[in-house]
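Consider the two complexes below, in which chain A is the common component and chain B and chain C are the respective partners.
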Partner chain A sequence: MKNYLKLVNFEVNRFIKVYLSLIGITVVLQLVGTFLKSKSYLKEANWMIYKEGVPVQEFLEMNGYMDLVRVLGSWWFIFPIIICIAVLLIYVFLIWYRDWFGKSTFIYRLLMLPTARINIYLAKATTIFLMVLGLVALQLVLLPIENKMIDVMIPDEFQMALTSKEAISSYHPLSVLFPNYFSDFLIYYGIGFMVVFLIFTAILFERSFQVKGIFYGIIYIAIMMGILVAPIFTVLFTGKSYLYPLELFYLEIILGILVMILSILISRYLLNKKITV
Partner chain B sequence: MKKYWKLISLTVLTIIIIGTFYIQSSPKASVFSDIYFKKQAGDVKEIQDVIIEGNLLSEHHSSYIAITNNESTSMNRLPSIYEQIKSDTTPEIERLRKEYGSFMRGKSNSGDFYENDDLLIYIDTIHSPNIINGNANIDIEASVLDKKKQEKRNLDIHFPNEEKYDYIAVNRVWFDGEKIKVVATIDKHPQGELHVYAIDWKTGEIVNDELAFQYAYESNNSNQYTDVHVVDSETTQTDPFFIFEKNTYEDIEAEPDMYESQVIEKELMKYDLQTDKIVKLKLPNELQNIDFPTQNGHLLMFTRQSEKEIEIINYDIQSENIASKRTFDIAGDNSEEAHIKIKNGKIYIVTPYKNMNAEAILFVGDSKTGDTLYRGTLEVDGMKESKNYEFYIEYLGIEDE
Partner chain C sequence: MKKLRIMRGREKMIEVKNITKNYGRKKVLKGVSFTANKGEITCLIGINGVGKTTIMNAIMNLTPIKSGEILIDGKKVDKASYEKITFIPDEITMLQQMRIEEAMEFMKDFYTSWNQKRADEMLHFFRLEKTDRISELSKGNRAKANLLLGLALDVDYVLMDEPFSGIDIFSREQIAEVFTSHLIEERGVIITTHEIHDIEHLIDKAVLLDQGVILKEFDAEEVREKEGKSIVDVMREVYRA
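This part shows the complex of A and B:
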């Protein structure tokens, strides 16, 4: 356990600079974006109402109220999220390959550590999970702040009083990242983490068997995906389901957990017996 | 410990923030602190199963809200995945699944059934995609459960011309001791057919196929089309007959390039499941223009709204006369149509609009005696933002226990 924690801490520290930059980019771009969006709305309102003499009511009918949803749909908001997702996706691969292709073959030292090798795998996975959830938490803190900014900058009569939660659920792409219900959150992120395990195992296949390993890795992922979708496809194509819907739902959860366990077990085997430096 | 501060703070903060987000997320309607029914008369118990949904609009806000006796909930969001999967079926089928779990296993939720003390007959329609030609395969399966012996039997039924159907829906299942009668509407584009099949309950052989009615549900050249639907009944298991409504519509050019459907002919038919005879019901003139009656045994209940009251007219199918009329006073200046539901001998009424001045009333009455069982008003409290709100009630539902 202590070794595992040490490894997690080590992995987090290795990535912390990039991670802090991601946090910085997100905070700056989103807050600036909120400010500029509010500002331009105000400018528009001022121009229309005071220069053009459009009545307030008519302006609102034409332009709508200012609310968080306007910010959410803008590039200021979406761009940093895309960057974060992209960097973390790349890092899912890099977290392994940097150990092989770094200045010194660092993986050699990692594998020589007096600890179970699977701890390396688990520590890397934990690091990815922590980083993902950390960014989710950051966004959840930023949303109310952005909402407050709008509240401060825009006169009440031009505002739609939305809570950040309502804003999220009315803007579809975000409700995937921040589902309304904790159970949905567990399902979405559970699937995400399962995919991380699958990719990690595929990477270890490649590291163990080189070119042939890429092929093994792809086959492994395909088989696991096949196991997961088989029950649902059976129902879709036959129009009949032996299981009741909730039973099918629980079966899928169990299959998902099995896929994760299987990935860990296979990775342990690969790390212990097959991996080459 | 000191060494781990980054890791610890990242973990702790993440858990606290995500945890807080989901803990405080009880989906209460946010702008209005409370929306509820205030009792004026009767018993609150009567509205225990009532659910009302509508759009609440204020100057700065709009949300879709559901109100039950206990609470109001903002429904701007979809239910969770778990909830969606859980509520995939009707309360009736849910009950069968609970009571006859192993018999119901493998049956879809789109079938219909007949049940008495000894038997449960389930007719299932299965629409599955045909990978080869892209059409749907349609299969009908019948299973019989002997409740006493706990014996399950599947009947191998082949409906004539099954492969030509685009869609089939089972409307009613009835059993006369020997034959299973299956009432089904079948789509064969652009034709619709209402069939009553008689199936030998021992062999599964179709002994009779009555074409009760054939109609074109898509507008032909004359801009006319017909729609047939089986009237909802609360007593499907005991009625040896069913009522169907046949409406013929015509598209009429109300304004240039603006078409409206108008009913040009409307008929109510009674189909006797014992004799396979169809009788056209002679409706008195005053019932001619009222849509969608509800059936309970020999009574057809029609509802009619005037400015201040709602009238429920019970029409007796046997005597072909109006059996009784009840008037429920809903006093309000509602010019729009109220939402009305009739269930288990009770009539539920909710008027569709509420703002600062106009009241919305929820009313429950006994459809036979005309007694008031509950009467209440919808109250909107704790307005944070504006006084100019409007609440449009769009749905009235009665949940099964």
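This part shows the complex of A and C:
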């Protein structure tokens, strides 16, 4: 356990500079975006109302109220999220391959540590999870700040007073990233973490059997996906369901957990018996 | 150097028993067997590509073998073995961006066998600066830092892969000096090299490899005394035969 925690700390530190840059990009772009969006709304309102003489009510009917949803739908908000997701997705692969390639022979050191090798796998997975959850937490802190900025910059009569939670729910793509219910959060992120485990195991197949390993990895992921979707497909194709929807849901959760456990067990075997530096 | 071998009635040694390994269809190890005793320097000799590094990797469980067995003091390698045996590959096994002091800290964190006093002593001996980044070290100094990280562990066995490869003459001399010091004494050492001149006089046992098979395994001192031949003489006989 102690070695696992040390490895997590070590892995987090290895990525911390890039991670802090991601945080920096997100904070700056989103706050600047909120500021500029509010500013341009104000400019438009001033122009229409004071220069063109459009009554406030008419302006609001034409342009709508200013609220956080306008910011959420803009590139200022979405672009840093896409960048963060893309970088973390790439890092899911890089977190392993960086130990093998380039000048680094660090994989020698990792595999020769006097600790169970599965700790390396779990530490790398934990690092990815912490990074993902960290960015989600950052976003949850940023949203109320962005909302407050709008509140401060825009006169009350031009504002639709939405809480950040209401804004997210009304903007569909974000409600997947920041679900309304904790159970949804567990499901969406549970699926995400399971995919990370599957990719990690596929990478270890490749690192153990090289070209053949890519094939094994793909087959492994396909089989696991097959297991997961089997109950749903059975219902869809036969039209019959022997389970109530809630039971089907619980079955899927159990299968998801099984897939994760299987991935860990297979990875442990590969790391102990098949991996090659 | 051959004094410390027998402990509690069992010989302390690394036993490589009839190991085979393929890379695809190519057979790189075709039934390799030899032993390396604690307290001795065993040298695996052969040109590049004969399987020396693969044997080292196999001993450390860094690559799987197709068949055969490797035992360290009668036991298969497991996580506890890494407190007993260390491997110094031909390139430093630390992150390039680390400073030497950070690399030492990493080792101290994970290995109970880490001996800081010895590490400091080697730092001084090799004239390395703690604050130097690994990526900024010269090739010779990288090799020395690599050696430091391995030899500062209080382990029974040390495996070294081509420690003299591609480094300047003064670094080579300094590293060769390590072999005669207390840093090596009493440990079991397996070293691979294709240029044995630097350490020929220090080797206890030579294992000559070619194309994945062992051509000859011999006690260097015995051959020197009985047949009046150096290791290079025996190599000439074997490889030219």
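What we mean here is this: the second predicted complex is superposed on the first by the 276 of 277 C-alpha atoms of A that agree within 3 Å, B and C clash if a C-alpha of one lies under 4 Å from a C-alpha of the other, contacts with A are read in each partner's own complex, and residues count from 1 in each chain.
The working rule: a contact is a pair of C-beta atoms (placed from the backbone, for glycine too) under 8 Å apart; a residue touches a chain by one contact, two chains touch by 3 or more.
Everything quoted here is computed from the prediction, not taken from an experiment.
Contacts of A:274 after superposition on the shared chain: chain C is touched, whereas chain B is not.
In the overlay built on the shared chain, the residue A:14 is in contact with chain C alone; chain B does not reach it. In the superposition on chain A, A:105 makes contact with chain C only, while chain B stays out of contact range. In the superposed model, A:5 makes contact with chain B only, not with chain C. Shared-chain residue A:113: touches chain C; no touch with chain B.
More chain A residues lie in contact with B than with the other chain of the pair chain B and chain C. Of the two partner chains, neither chain B nor chain C is touched by A:234. By the touch rule above, chain C contacts chain A in their complex via residues 57, 60-64, 79-83, 86-87, 89, 91-96, 106, 109-112, 135.
Touching chain B in their complex are the following residues of chain A: 5, 8-9, 12-13, 16, 65, 130, 133-134, 136-137, 140-141, 157, 159-163, 165-166, 169-170, 175, 178-185, 187, 236-246, 248-249. Those residues of chain A whose C-beta lies close enough to touch chain C in the complex are 3, 6, 10, 14, 103-106, 108-109, 111-117, 208, 272-277. Remark: chain B residues 3-4, 6-7, 10-11, 13-14, 17-18, 21-22, 25, 27, 30-31, 59-61, 63, 74, 76-78, 80-82, 85-86, 88-89, 97, 105-106, 108, 126-129, 131, 137, 139, 384-385 touch chain A in the complex.
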